[in-house]
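Letters are used for the chains, namely A, B, C, D, E and F, taken in the order the chains are written, and counting of residues starts over at 1 for each.
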Amino acid sequence: MDGDDSSKDLRTQSFSGVGLACRRGGRLVFTGLDFSISPGGALVLRGPNGSGKTTLLRVMAGLTHFTAGHLAWDSVPVEDPDSHAARLRFVTHLDAVKPALTVTENLAFWTALWRGKEASIAAAMAAFDLTRLAEFPARLLSAGQRHRLALARLLVAPAPLWLLDEPGNALDTASRDALARAIADHRASGGMVVVASHEAAFVENGDTLDVGLFTPKIASHWSDDELSGAAE
Amino acid sequence: MSVFTSILARDLRLAIRQSADSLTVVAFFAIATVLFPFGVGPEANVLARIAGGVVWVTALLAALLSLDRLFTVDFEDGTLDQLVLSGEPLSFIVLGKVVAHWLTTGVPLIIMSPILAVTLHLPAEGYLPLMLALLLGTPTVSLVGAVGAALVLGTRRGGVLLSLLVLPLYIPVLIFGTAAVEAALTGVSATPMLSVLGGFAVLALTLCPWATAAALRQAVE
Amino acid sequence: MHRFANPTQFMRIANAIYPWVAGLAVILFVVGLPIALVTSPPDYQQGQTVRIMYIHVSSAWLMMMIYGIVAGGSAAFLIWRHPMANLVAKASAPMGAIFTGLALITGMLWGQPMWGTFWVWDARLTSTLILFFLYLGYIALNDAFEDSERGDRAAAILALVGSVNLPIIHFSVEWWNTLHQPSIMKLSGDGVKSSVDGAILLPLFLMMGAFTMYYLAVLVLRLRSELLAAKIRNARMSQVAVDAAVGQPAE
Amino acid sequence: MDAILNYLNMDGYAAWVWPAYGLATVALVGILVQTRRTLKTREREFETLKSSRRGGQA
Amino acid sequence: MSVFTSILARDLRLAIRQSADSLTVVAFFAIATVLFPFGVGPEANVLARIAGGVVWVTALLAALLSLDRLFTVDFEDGTLDQLVLSGEPLSFIVLGKVVAHWLTTGVPLIIMSPILAVTLHLPAEGYLPLMLALLLGTPTVSLVGAVGAALVLGTRRGGVLLSLLVLPLYIPVLIFGTAAVEAALTGVSATPMLSVLGGFAVLALTLCPWATAAALRQAVE
Amino acid sequence: MDGDDSSKDLRTQSFSGVGLACRRGGRLVFTGLDFSISPGGALVLRGPNGSGKTTLLRVMAGLTHFTAGHLAWDSVPVEDPDSHAARLRFVTHLDAVKPALTVTENLAFWTALWRGKEASIAAAMAAFDLTRLAEFPARLLSAGQRHRLALARLLVAPAPLWLLDEPGNALDTASRDALARAIADHRASGGMVVVASHEAAFVENGDTLDVGLFTPKIASHWSDDELSGAAE
């Protein structure tokens, strides 16, 4: 039931990571990475393709395992993935939309799961200009409309931390503005936002974190040093 | 429990909206069973001899086929990421999906089974034990299958790999399931076999949702 | 062809023939049933069971004719994209499935007294069973898609592929020697010859005619019903989508 | 009476002949009834839709 | 023909790179067959009586399971769009994929079959006809299955619908396939049955690539 | 074999459509739509989400059936979909990349299928900065790297018409520049480009076509008029 009143204490929360390192497919994607977001803050992840923005977002969400460092929420180390998950919303490349359900039904499902209020569904649809499509099965939506439906999920049940992976993909100008507004509102009420994007448009006065400015290192389970005497 | 019911409700709604789905599971069950008289020949005594086993094996294969896609769609469209991040116990969510699966495929199979038993010339006293055995056995089938379905997420040709993982685990269910039918035909009480099947179901209910949740977690990593 | 693609034109013709086929169906049943059931003599070999034939052969004939119509409609739909042809196919298929079921069951009911078994795996029986499954597959495929127009096209292709089965059903008794009766009719140089007595042929033809007219009459009703459904969908869609988001210039 | 019973008995083939005719009747009547019923419900639905739209415009 | 070979080469390379895939088809074949002694009981004479039929039925089901995903991956990742737009006859492309499928699943099944026949106590004179019948029958299975796989693209739970569409069409193959084994066991020549199977294969080869191509075209529309 | 020398006659070709109408899911997405592209020309499709840009591209590719109008190539009506397909490349939202194959193998397959030259593979990889990733299995690529691999397909075998659906998605700045360069080179050699995009950056001096500026009409197979007398 803490989902319900989490909106109240948005302001008191902060999120940070220290010395994070992550290995994917045998290569070290990043190492020694620090970040910190305070209430109302925003962090824009930048970096060329393949620099590790998506990976870092998944680490922040607790989905991907990291090899060193730690995450902290209000200075308390993040340990239980479920309770960490309850305080964040993650919009990924995949939009988790069920084609057979209508726009409203899609949102209603997530609202129920996240114990949000029924009433917020209409507001979320309005924010992303989906109201007129409310009774359309999602299979009839175009790429941008589907993506807007995924974004509308951010608003059905409040959560302090938003993780957005290239949220501008496929959006038209009006929808980009709507997204920027939603982000600004969320921050104004004390929420935090992390955006991985090649365009800066959505976030005003956010911090910037350059991901992957170092040469990626090879990383098997063990470093060369550790292996040195092993296979002789 | 609200997680459980909202998952259950959504999966049932999806199943009803695409009602052809559970119908086709039953259709597979029927067709695969009907293949046997073609393959084995139509002699009633041979068929009657193998009827219980054939119905059980095809029921297992039918359940397997439908389990294949239990999590695949959610995995591919990103829903699974979101479910793992729901902040609710993942094993409850899993249980909701498994119960929806059982209601839409297991139950139709049970209802269908006596009809197929007739076409295979199973003696009438075998019908009730067959249905009871399926009633107690199919929940285990769904629960164990869910673990397999979660493990093979992200592999190509998951279906075949799934059967490799899961079919061996079905063997005990199969043995006691057919033994129950056998017993009834030879006039012995089927109760001991049925209670073993019930025991399997309880065991599966306590272990499988947890194991499935763990498998799903590593699938989205 | 294009004249029939327009539903209004098509239904004008269909509605015009409706009273005739419906009336003929009633007359043929009223005349044919008493002859089939009472006045016609028992067969010298098959005795009274020959009366099953009037239903069995009529259903079998109809199931094949309907499949021909389903396949033909599907072809027209795929080649010229005539939705009306598809509608005819879609409205016919469930009836085809039911008549196939009827042919199978009456055949089994006939087989038990004649051959001593309900079922043998001979070519005609097997190919008839396959026809039954093809009908079921057509129906299942038709509503397996979220986009109903895709279902239409996929099912139409299945119907065309399955039409290979039709000649197999018909000629199976000649290509393989089976338990099943060979054809009653033989077309030869000097016209149609039959090995069967006229007293049996008369009720057979009456019943086949009655079944065929019945099918045509019900088909007209089903087409009306399908077109009404299209109208309802139009009306529904225009209510939902009159101002549905799309296509308006961004203000 | 005997004649009727004798006729109904079909020389002992009653168990095969009558079910065949019975099932055929059920099938033919069933299709007809089902078809007419959906036709009727759709007609009714269409009428209500039409009248409600007219009401909306007024 | 270069289209055909480049498709064939790519699909073979993909299959080898994920060699677990064709192994799992064989594994399914083996496990499903081995389930029967559990379901039916271990008596050698009963098993021998049904051996040919069981091997054939499970081979068909195994092929079916692997056919399920013949086009799915290409459909979902956009490759199918590109193949339709390749400007080459789509039926050649289809043929390439089907041949690759047959080489990676049909052939292993054929090689595996005598081993399974032994476990089901099939008399030794049945081995060769069984393998020959599978050799002539499995191409038809792949070709017909490809049509079904293309038709069910984009449906949820395509696998079960696929079996409804395709298994009935396998019935003739099954009948003549088991009849060939039967004939050899009773000392009659299996040649007539084998030539019918060959005839089916030729028929399927002429019709199915074309029908599959039509189905694929409407799937990407 | 005509794929081989199609590069020679790029200049002589033009592509146009007249009075196109297309129906999706029972709604008329566009109707009475005209366009025309001359050699070296470019067309940018604009319009809010759901206006029909993707649909129009699929119509141009010959994938989606249109209900009225016609397409013409060099003023000759387009009839055979296969020969039309041979003169175009289509980059969609889906990138048609096989995760199990390396970057080079992925490109080599399409090169063989389109009868392109082996040598062009290296050039295509260089153009989209994939050379370092050549021997990487595609499953290790990030979103932007995968999309670059899809774009590199444009260069392995020449074809006069490029259809690009939101080609900028997930690309970093350097890759956007590379794409703009590729498009400019293609046009300089007489090729044609159609781009659906919410950003104009990739095309200089292109024509613009606003898609879906009219209110969408309802269309089942038949209009209400056609049905009027049908079900009485």
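In the analysis below, contacts are C-beta pairs under 8 Å (C-beta built on N, C-alpha and C of every residue); 3 or more make two chains touch, one makes a residue touch a chain.
Everything numeric here is computed off the predicted structure, so don't read it as measured data.
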item	value
Minimum number of chain-to-chain contact steps, subunit A to subunit D	2
Chain copies touching (subunit A, subunit F) - same or different residues, decided at half shared	same
Length of the line joining the C-alpha centres of subunit D and subunit F, rounded to whole Å	54
Gap in Å, rounded to a whole number, between the CA centres of subunit F and subunit A	31
Subunit B-subunit F separation of Cα centroids, rounded to whole Å	45
Subunit E, residues touching no fewer than two other chains	18, 76, 155-156, 161, 164, 167-168, 171, 175, 221
Residues within subunit C bordering two or more other chains	121, 133, 136, 140, 144, 146-147, 224-225, 228, 231, 243-246, 250
Touching two or more other chains - residues of subunit F	25, 27, 47-48, 50-52, 65, 93, 100, 231
Contact set on subunit E toward subunit C in their complex	147, 151-152, 154-155, 161, 164-165, 167-169, 171-172, 175, 203, 207-208, 211, 214-215, 218-219, 221
Subunit B residues within the subunit A interface of the complex	2-3, 6-7, 10, 13-14, 17-18, 76-79, 81-90, 217, 220-221
Residue ranges of subunit F in contact with subunit A within the complex	24-25, 27, 47-52, 54, 93, 139-145, 147-148, 166, 169-176, 198
Of all residues in subunit E, those that touch subunit B in their complex	18, 20-21, 24-25, 27-28, 31-32, 35-36, 38-41, 46, 49-50, 52-54, 56-57, 60-62, 65-66, 68-69, 73, 76, 155-157, 159-161, 163-164, 167-168, 170-171, 174-175, 178, 182
Of all residues in subunit B, those that touch subunit C in their complex	18, 20, 23-24, 27, 31, 37-38, 42
